[in-house]
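Paired with chain B in one complex and with chain C in the other, chain A is shared by the two complexes that follow.
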Partner chain A sequence: MNTSNLQLNNTDAARHFSFKATVRDAGIGLALIGLIIIFSVSSEHFLAANNITNILTQITINLILAVGMTFVILIAGIDLSVGSVLAFAAVIAGKAITMPGLDPIAVIALAVMAAVLAGLVCGLLNGLISAYWGLPSFIITLGMLNIARGGALHISEAQTIYSFPKLFNDFGSATVLGVPVVFIVALSMVAIAWFILHKTVFGRMIYGIGNNEEAVRLAGHPVFWYKVAAFSICGLTAGVAAIVYMARLGISSPIAGIGFELNAIAAVIIGGTSLMGGRGSVFGTLLGACIIGVLANGLILIGLNDFLRQMITGLVIIIAVVLDYYRDKYTKN
Partner chain B sequence: MSVAPTSAQQMNEDPAVKILTVQNLHKHFGGVKALQGVNFSLNKGEVHALVGENGAGKSTLIKILTGVYNPDAGEIYLNGARYLPGNPKQAKSQGIQVVHQEFNLLTHLSVAENICFEAFPRSRFGLLDRNEMNRRARKAMDTVGLSDVKVSDPISSLGIAYRQLVEIARALQSKSQILILDEPTATLTDRETEKLFNIIKSIKRQGVTVVFVTHHLNEVFAICDRVTVFRSGETITSKDISQTTPKQVVSHMVGRDLEQEMSNNFVAHDLGPIALTAKQLRVPQSPHKQGVSFDLRYGEILGIAGLVGAGRTELLRSIFGLQEIVSGSLLMEGSKVKFTKPKHAIAAGIGFVTEDRKEEGLILDMSIAANSSLASIGNISTAGIMHYQRENAMAKSNGEMLKLKYGKVKDNVSSLSGGNQQKVVLAKWLANQPKVFLLDEPTRGVDVGAKAEIYAILRSLASKGKALLVVSSEMQELITLCDRIIVLSNHEVMGELTRDQFSQERILQLAYKHAQA
Partner chain C sequence: MNFLKKASLTLMASAVLLSGPAFAADKPVVGLIMKSLANEFFRDMLEGTKEHAKKNGTYELRAVGMQNETDFQSQINAVENFITQGVDIIVIAPADSRAMVRPLKKAMAAGVVVINFDVSLDAAAKKEQGVELAFIGPDNRDGARLAGEALAKNLGAGGKVVIIEGNPGADNAHERKKGFEDAIKSGGLVLLDSRTAHWETEEANNVFTNMLTANPDIQGVMAANDSMAIGVVKALESAGLAGKIKVVAFDNIPAVGPMLEDGRLLATVDQFGRDMAANSIELALEVLKGAPQLTGWVKTPLKLVVSDK
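Up next, the complex of A and B:
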């Protein structure tokens, strides 16, 4: 295929996914801009360069988890295990990265592979079990939540692992023009996920399964494997998030990531993806993660305590879903 | 509703007294004119058929009569007084009841609980009065002739036909002047329909006026006193049944002479070699050892007739690899095949238009283009990457070939009418260029005009050398469409008819053979 052809396809794809989705994303984008304006008016620190770097860093892990979660929620599933899987992957990677007598580059590579593999295996198991027996992923991943957390505590003997190579910790705090490198990693994962969801057959099938699994199956497609793949991707992102977590904090803790799954789900839902599956976009997830991050940062800057911040975040989730209901009603008429 | 006793007496004496009159009714939804000046009247105690293609305005009229919508303009009179229900409850309190096409039953609750759901009887302490509830339910069930059903049984233990009758019983237990049945026979077999007709007759004797919405004209002529035809939101005609013919009604419905079109479609042509052979095929439900056997040739449309439960759908599903074949064999072009997944059947060149397009055929909230390419996505992708241009082009050309009426190929399928949705299901399989088509109820819920178009498409597929296996509950459909019909009863082939032997009587005789034996 030649280049001009590819470009044509690009614009066509943009048109294809579609006016409605654009309206939805635009609404969330406006909400985000509104929040930014409110906070920048009410706090002089909000738009300061170091605060923006700070926000982006805080968003990163949730965004990475939410990218994977988007795949699972699009097929009308849910993954409650990602927070624990993050800890499990971090502990395994922590063991790898602190192996004595090896070159720093070698242990870092080993740790990255170990974390990604650990996450992938957990996701794969979630997918295989829930898809094979057709069981609700809510329950299966609730089981995995406990298995992974228990595994993390057992392997680490409930100890925090630390003293990682300096190169690795530097990666966690490095910035390019004020943008954290780890955030760039997260953004590139959004881009890859967008490509997969909107430009590939696999992406089409993810949306199809979320809307009508039976129709996809009767058209001869291996629905089982597509579902397993969606959960595996979600597990894989938990592995990547584990690496980012270790690099940022310089430690691996078996109690890392408690409750992270709920923030990831919140980002996906605020981003306009339907819990019933089949509708939504990873771009919306990016906006959803940004809204949560901006809220968390801004509310503290204007002097609210963390408890009130949590209440307001909860409120935003409910408002997002209610708004989505009306948006859906409006676009259908 | 207060009516002076003297006038009520007059009403009962005059057979053609109007219970309900609708004058110049208008209703718009956004830019869509659903009703544009509808006039309609009901005589007391008659069975009145309401016919028209999908989108003709029948449902809108019913929803206005039952208080779901308010009309934009026009007047309704009930027993001579202005009638304008603000909500469904008000309509019910005036004695206008409706049984909807889709079921509104709570399947895990009992028959009695469902029947009394709108107003549970309460005991002195405000608790549920179970005895009174069961008594009322018993009475309601007896009215519809279901004395053999226990009111404490859950709805889930009843078949589709009985559920339909429970709905009617529920509507009738409140006082009813007018009972509206919205396509009550869509899911019923002929025998069940007959039972329903007997119930309608007895309801009529009790002085209730019945409005009967249906797609089946033979039913209109079997049970109704008068018929009103709708087209594009207007009343075309209201006639006594004795003064019209099915042919006239159809031409009023579509505005052109359809029967001519349909019968012109059939052009006999030479058949090709054998495409598909079933040899003593047995599915798990099948009680007989001999199973089902038939040959299907290229260029042939083979119809499968039979009652619900005769094993027609199971046969198609087992051929397509969706259901286990217990014994017997399946041959394609003479060589033995075994499909354990739809994927294998598709790879061998089989396409399957399922019975239920909403559940199994289409992804309603995705685009026409995405649905059209669902079975042939390999053709519009390279190494897993989609080519949207190719997909849109394919959807457009298929849409053109099937005379699909749509806005843009990226519009959601849910925005299309039933007939056009069914065409998208056909487009999905055509894109894959299969050699053998399995079609289960290919025109279910499709209006008369689109039906003729679908028949034409299927005939042209046959003339291009495709082999088609068609299951249908409408005998007229098979008679119009097929080169040959086999009749199933209780998972057994009871007989085979060639085109010169086609008649509804013969098909029925064979279909009931087991039941009689």
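Up next, the complex of A and C:
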């Protein structure tokens, strides 16, 4: 009976999915367009080509982290460790990339692998521990937040690591037709995540776990491993974000990424993904990250002071979530 | 530099005086309480102090650091633990300039020689508790003024500048901003905008990029620490303006070395953090030996480091 329920839920979800998601994303898109109109009227610099390039560069790290965070929130989890894992991965990769006596290509390849692997391992541990013992991911990833931050400080001896190969730093500031290459990397990750979530059984079951974990289990799916995979993906994106951080700034700092987890969560939630799991999309996450980035940029361009800027950012997050509540209510009826 | 050499000579001399055989059996115990060891500055200070303790050999060092910059609860516990352990000297960089006054008063009442360094305890709070305590530390405002003046000299009167501030509410962030403002006033510079980037590189990169978009006529930048200056320099590189818009900063961490070398960073300020705790310990040991109590503000050296380019 549970199995048939699940199938019913699935077809139900599939039928309504595209329509509901479209309305939802359109709503967030309208909010974004509204912000863009406000800022282009109030600042002459906002729509300038190089400012658009700047905004895209500035949202890249948050977008990459938020893509991974989307998987975790869809299964009704949370990952508070991504900012610290970013620093941990960056420090390990920083050690690799500054190893003397190797040619630039070799150390860059080594650093990229090291960062991705470090992120993956942290995510894997988050997933294994919280799924095996059925513990709240909130507290497990809070533990990982401290482990990774402490690890980053320990390995780097709290020193900023610098002097990276020129080729690597150039990658961080390269643009194609005004679009930052690092942003193209982030967009590809959005596309891959979209494909996984909507075109694979694993992706459908990620939604399923968020909606009704027991039903997915009874249908014979390895829920445990799907959960571990979701956290691993999130850790992996933190590793990729670490590489972007290093390439953009030319350093690895053990205090990098403090508070990044909250921005990533905000992007996911503004993008319409439910903290209760089972509902949302990675396309919404992209829009959510854009809203946060446009706000941070635009509020400085119009000359608003730091404290008011912080207040308005907070206000927008609340408004976005309240609007989403009404949109959801409307699309259900 | 000369001053520092002289200072270290006197320190060495006093070290020799102190290392008489009479003290060898019963070394005074020094409890060192720092702020976050996640901060490069305190990390370096800890290393410098350990080195000093080994070389000096007349005292036993017990050092503790905190989880973060504002973790004064752990500092209060550390003070109480040191009192219980019966240390002779407590040397402390307070995480909260008001909250730490009461526990330190308790330590003094227990006969411990207390030295306050790095960040000054609040004058009003000291008065209220009836505590007389000298402060040993750098004049952050004066250091920032030095860096700001180097920028003013380079740009000339009328130069347009922005400030990248440290954490709002942090005492040294506040003092450094004041020092930058002093230099702006005396050098006849024009301040276009002033914003915080919370001491951090990536945030400074984003915030400064946006400030530059809003104010394309910026000629100079004053960053309250080197980590943020790195983010500013990166933003200038992306805009093709590195070396053209002048940047000054504070701390002189190793990572800005290459930037000073090729002129992407005009100047920074060294406050010799490595020696700061060790210098304080030297002074405390003298007080313990019977020298008069320290009073007022014992300023530690600051040095402007300017790029050759």
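Descriptive notes on the structure:
In this section, the second predicted complex is superposed on the first by the 316 of 333 C-alpha atoms of A that agree within 3 Å, B and C clash if a C-alpha of one lies under 4 Å from a C-alpha of the other, contacts with A are read in each partner's own complex, and residues count from 1 in each chain.
The definition used in the following text is that contacts are C-beta pairs under 8 Å (C-beta built on N, C-alpha and C of every residue); 3 or more make two chains touch, one makes a residue touch a chain.
The structure displayed is predicted, hence computed values, not measured ones.
Of the two partner chains, chain B is the only one that A:279 touches; chain C does not reach it.
In the superposed model, A:222 makes contact with chain B only, not with chain C. In the superposition on chain A, contact of A:173 is made with chain C only, not with chain B. When the two complexes are overlaid on their common chain A, residue A:212 makes contact with chain B while staying clear of chain C.
In the superposed model, A:199 lies in contact with chain B only, and not with chain C. In the superposed model, A:99 lies in contact with neither chain B nor chain C. When the two complexes are overlaid, the chain among chain B and chain C that reaches more residues of chain A is C. Residues of chain A touching chain B in their complex: 1, 8-9, 12-13, 15-16, 18, 199-204, 207-208, 211-212, 214-222, 278-279, 333. Within the complex, the chain A residues that touch chain C are 43, 45, 48, 50-51, 54, 57-58, 61, 149, 153, 157-163, 173, 245, 248-251, 253-258, 296-297, 300-301, 303, 305-307. Contacts from chain C toward chain A in the complex involve residues 37-40, 43, 168, 193, 195-196, 199-202, 205-207, 209-211, 213-214, 216, 227, 230-231, 234, 237-239, 253-255, 258. Those residues of chain B that touch chain A in the shared complex are 30, 320, 322, 341-343, 345-347, 352, 354, 359-367, 369-370, 374-375, 377-378, 381-382, 384-389, 392, 410, 428.
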